[in-house]
Amino acid sequence: MYDVAAVRKDFPIFETGIAYLDSANTSQRPRQVTSAVLDYWERYNSNIHRAAYKIAEEATDRYEATREKVRAFINAASTKEIINTRGTTEAINLVAYAWGRANVRAGDLIVLTILDHHSNIVPWQILAEANGARIEYVDIDERGELRQDQFRELLEQQPRLVAFSQVSNALGTINPVDDMVKRAKAAGATVLVDGAQGAPHQGVDVRALGCDFYAFSGHKMLGPTGAGILYGRRELLEQMDPFMGGGDMIKTVRVEGTTYHDLPWKFEAGTQAIGEVIGLGAAVDYIGELGMENIREHETEITEYAYEALSDIEGLTVYGPPPSRRAGVISFALDGIHPHDLATIADRDQVCLRAGHHCAMPLMTRLGVPATARASFYVYTQKDEVDRLVGSIKEAQRIFK
Amino acid sequence: MYDVAAVRKDFPIFETGIAYLDSANTSQRPRQVTSAVLDYWERYNSNIHRAAYKIAEEATDRYEATREKVRAFINAASTKEIINTRGTTEAINLVAYAWGRANVRAGDLIVLTILDHHSNIVPWQILAEANGARIEYVDIDERGELRQDQFRELLEQQPRLVAFSQVSNALGTINPVDDMVKRAKAAGATVLVDGAQGAPHQGVDVRALGCDFYAFSGHKMLGPTGAGILYGRRELLEQMDPFMGGGDMIKTVRVEGTTYHDLPWKFEAGTQAIGEVIGLGAAVDYIGELGMENIREHETEITEYAYEALSDIEGLTVYGPPPSRRAGVISFALDGIHPHDLATIADRDQVCLRAGHHCAMPLMTRLGVPATARASFYVYTQKDEVDRLVGSIKEAQRIFK
Amino acid sequence: MSSKPLSADDQFYREYILDHYKNPRNYGRLERPDITHEEDNPLCGDVVGMDFSIKDGVIDDIRFHGRGCAISQASASLLTERLKGMPLDDAKKINKDDVLGELGIEISPARIKCALLSLKVLKVGAYGLAGDDEE
Amino acid sequence: MSSKPLSADDQFYREYILDHYKNPRNYGRLERPDITHEEDNPLCGDVVGMDFSIKDGVIDDIRFHGRGCAISQASASLLTERLKGMPLDDAKKINKDDVLGELGIEISPARIKCALLSLKVLKVGAYGLAGDDEE
């Protein structure tokens, strides 16, 4: 049995009394993660990869150990395919610059989706503008699910790149990524999957999935801010020029020219977020101990509970698919009450609720709403927090009656 | 009187008994910094700029408070000119992409110096290659100081960009940046100063200096890894297109196109290193309390002490300028003993010494050495640590006699 | 929850703010405005637009339209009440503190932009002032 | 410091390693090598090159040259001693553990590349094997 009370004990922040329902935004971090970083700071704080002494060797080992943990976590073939970035956004931009600028040509088609996060839209808009490519967006149906018929039509135009998210952060929609990747690859496209909401909640097997790139953020999966991952297929990464230049990503620097380091370091210029990467390793360990299956089960239980509780409230509209096809995210609206006003009232009860466009403005435009309220769940979420949310909603309805 | 013993009490790592002589590589972090990050994790851990509840407001406030602290620290005109990056390397790459790609044209001249760090060379090599510009490097004289005569000659060719470091990380040379910036500006160049070694040890007044861009790293000035700063003159930053695209750097995202956020957020795409930026703010406070003047005095005292002690050793060659014109960095060689072997022997005595090319291969080539040993100092360095280094050197000479 | 005594946050949604939200004054459009301007707060989707009719340097008539949270809409409604009949020169002097004072409640930093959106419409629309000075 | 008893790290610079460093065996160049190859470890500036003379599938003669730390140069010297007169097929079988074993000391991760540089020269030079498998 998944013991959420025991899990919560690992998160000192809950002693403040908050009900934290904004994990799709950023997760909380357990003591196991923060103490791993603290251990670095207090015992072997040093720079890596230029190690001439023991503490720097330990820092290097632990930094590289995260890479192996992440490799195993997503089942990549090699640690050469695991590149440290600040997060999903930098990971996607890395691909847009280092792969995109060289490989996307004028007139090429880029296929995105209307429910994607800005971080998986804007880098491609910038690329399309620079290289003269065009972008098409896969629409959603009335349940908030991607229109697969339209996706397949677009594939017939042989897009150069197809990029979409594993799970929508705004609606919680779980996209049929296995099928979509297979079809996109068969159509000859390079495929990037935005795993920001997928990696923490569903996990992934990049080899089974068969995508070319996979991006995710440590801070959404119990790790510190400042550390995230780009997975890239080795063959592609080998062909790519570096993104940023600087220390550590080179073999030799000469006035006449420079040779670059091997993978994965070719893409890690300058001093990396060493402590944060070490913390991410601890987060992967922590998730491994809980077990991704258990996490999923727990989230499903909470999501179903919340879905039902919210659906019971009069004047409340839930956006997106039924609970069986959604991750632990519920976006909703209240008749006559703006999401911001609801969030402000919830905040009085220490209920942390997100209100806004969730960095998915094209989706908001598509849904015809300026903003939604959103509750999202993770390993530590308990039913009591959902109950408190329901209380805040009723309170708001009382005030705005 | 500067009380180094009291300062050292703020750094738990010294309880391990190490003599840490590698601060030019990365500094240690005091409890004041680490507990600021811990406080974030345990009390108000949340994402910023989308705040709908109190802890997110506090995170946003403290994140933005760092910006104001940094602004004051370098005396920038506005917080709009302070952009968070992972460190110096990302800051310089940001300029190379977002300013360089649009402003440097075929045949344009870029002036760098032979003693610069790879992070202030490779991004420009990549840019020069992409845009067809050419690069000239200012040489050093026999004291390891930039040849100002040659610099002036190069300025006559009206370079588009001039980039150099405030202080050399490999030799400790303090460059005459005031004069160099003034001349480069007068010649019509855009000027970037790499302050990675300057900001922590000398400080800077960017308005007095008059440079267009100034880059530095938090982890070299008592802050956590993962947070650094790009200062840019507002006028230039306004004209520039964004670097990375994604969440938070936009005003509106539409299928038809996107409008970007105001400065400084235009250049901060995706979830930032929130905890790390908050830690950097605490580091700036800590430095402010010690006082930059006092830090400089303390470092000068240690550097002179070390310079003398090392110069007394037979068969030891110190590279670079006399102590009066160098920062707290001493690069040296021992006859018949490779720097790596020295570092390994020092490590046995828990003396953390750097051996290598210090990410300054063009300088090493120029000096005709494959590597040097390097000791570097900071706020917490005490003479006893220098004495232990001298002991290790003598031990190495005994073993290799 | 409903048995809770009147708290600071009930204050936040004081009766008259809710009243202005539900029954906005001067809501709608003018047929032939001398000035018309709209601003939005893209981060939360609030929109406020105002139509001004100016006679002899005085705001002779005014209407606002828009959508968004209670704070942004009530603030617009309150501001139009105040502006109606006011000489333009006086309207120019209205500042943040006036607007926040009129709302009479504590506004958290995250909601300041909602509260000041209508002021931005006034400033940018009526005077062409740069609208970003409240950041 | 000099009164310290023999420690693990004095072991690290054992007499015979220092001896190989100061008096390298088979140092220099061959006039007409059948194979010649050089590798460097750019991160620390170590360089090792080897010239091979092959007769009937046997390493008939060998010389190395280079510069760098004691570990890299002693390792090269030791390896040439072992290779001289060895059938190429046997040389092919030499692996990391052999080389590290021959050094007979504990090598920290940071110095592994120094210790194995000569093996890389052998592998890449004599067999054209990819040289990155020790990473």
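Think of it as A, B, C and D in the order they're written, each chain with its own count starting at 1.
Here is the rule we go by: contacts are C-beta pairs under 8 Å (C-beta built on N, C-alpha and C of every residue); 3 or more make two chains touch, one makes a residue touch a chain.
The structure displayed is predicted, hence computed values, not measured ones.
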Pair with more cross-chain C-beta pairs in contact, given A-D and B-D: B-D
Centroid-based (C-alpha) most distant chain relative to chain D: C
CA centroid of chain B to CA centroid of chain C, Å: 47
Computed distance of Cα centres, chain C from chain A, in Å: 37
For chain C, residues that touch 2 or more chains besides their own: 42-43, 108
Of all residues in chain A, the ones touching two or more other chains: 50, 52, 54, 56, 252, 340, 344, 355-356, 361
Interfacial residue positions of chain B with respect to chain D in the complex: 338-341, 344-345, 348-349, 355-357, 361, 364, 369-371, 391-392, 394-395, 398-400
Chain B to chain C touching residues, read off their complex: 50-52, 54, 56-57, 60-61, 251-252, 262
Of all residues in chain B, those that touch chain A in their complex: 12-13, 16, 18, 22, 25-26, 28-29, 34, 37-38, 41-47, 50, 52-56, 86-90, 92-93, 96-97, 114, 117-119, 121-126, 135, 137, 217, 219, 224-227, 241-250, 252-255, 257-258, 269-276, 340, 343-344, 346-347, 351-356, 359, 361-362, 365
Touch list for chain D against partner chain B, complex: 1-2, 4, 7-10, 12-13, 18, 42-47, 67-71, 108, 111, 114
Complex contacts: residues of chain D adjacent to chain A: 42-43, 108-110, 132, 135
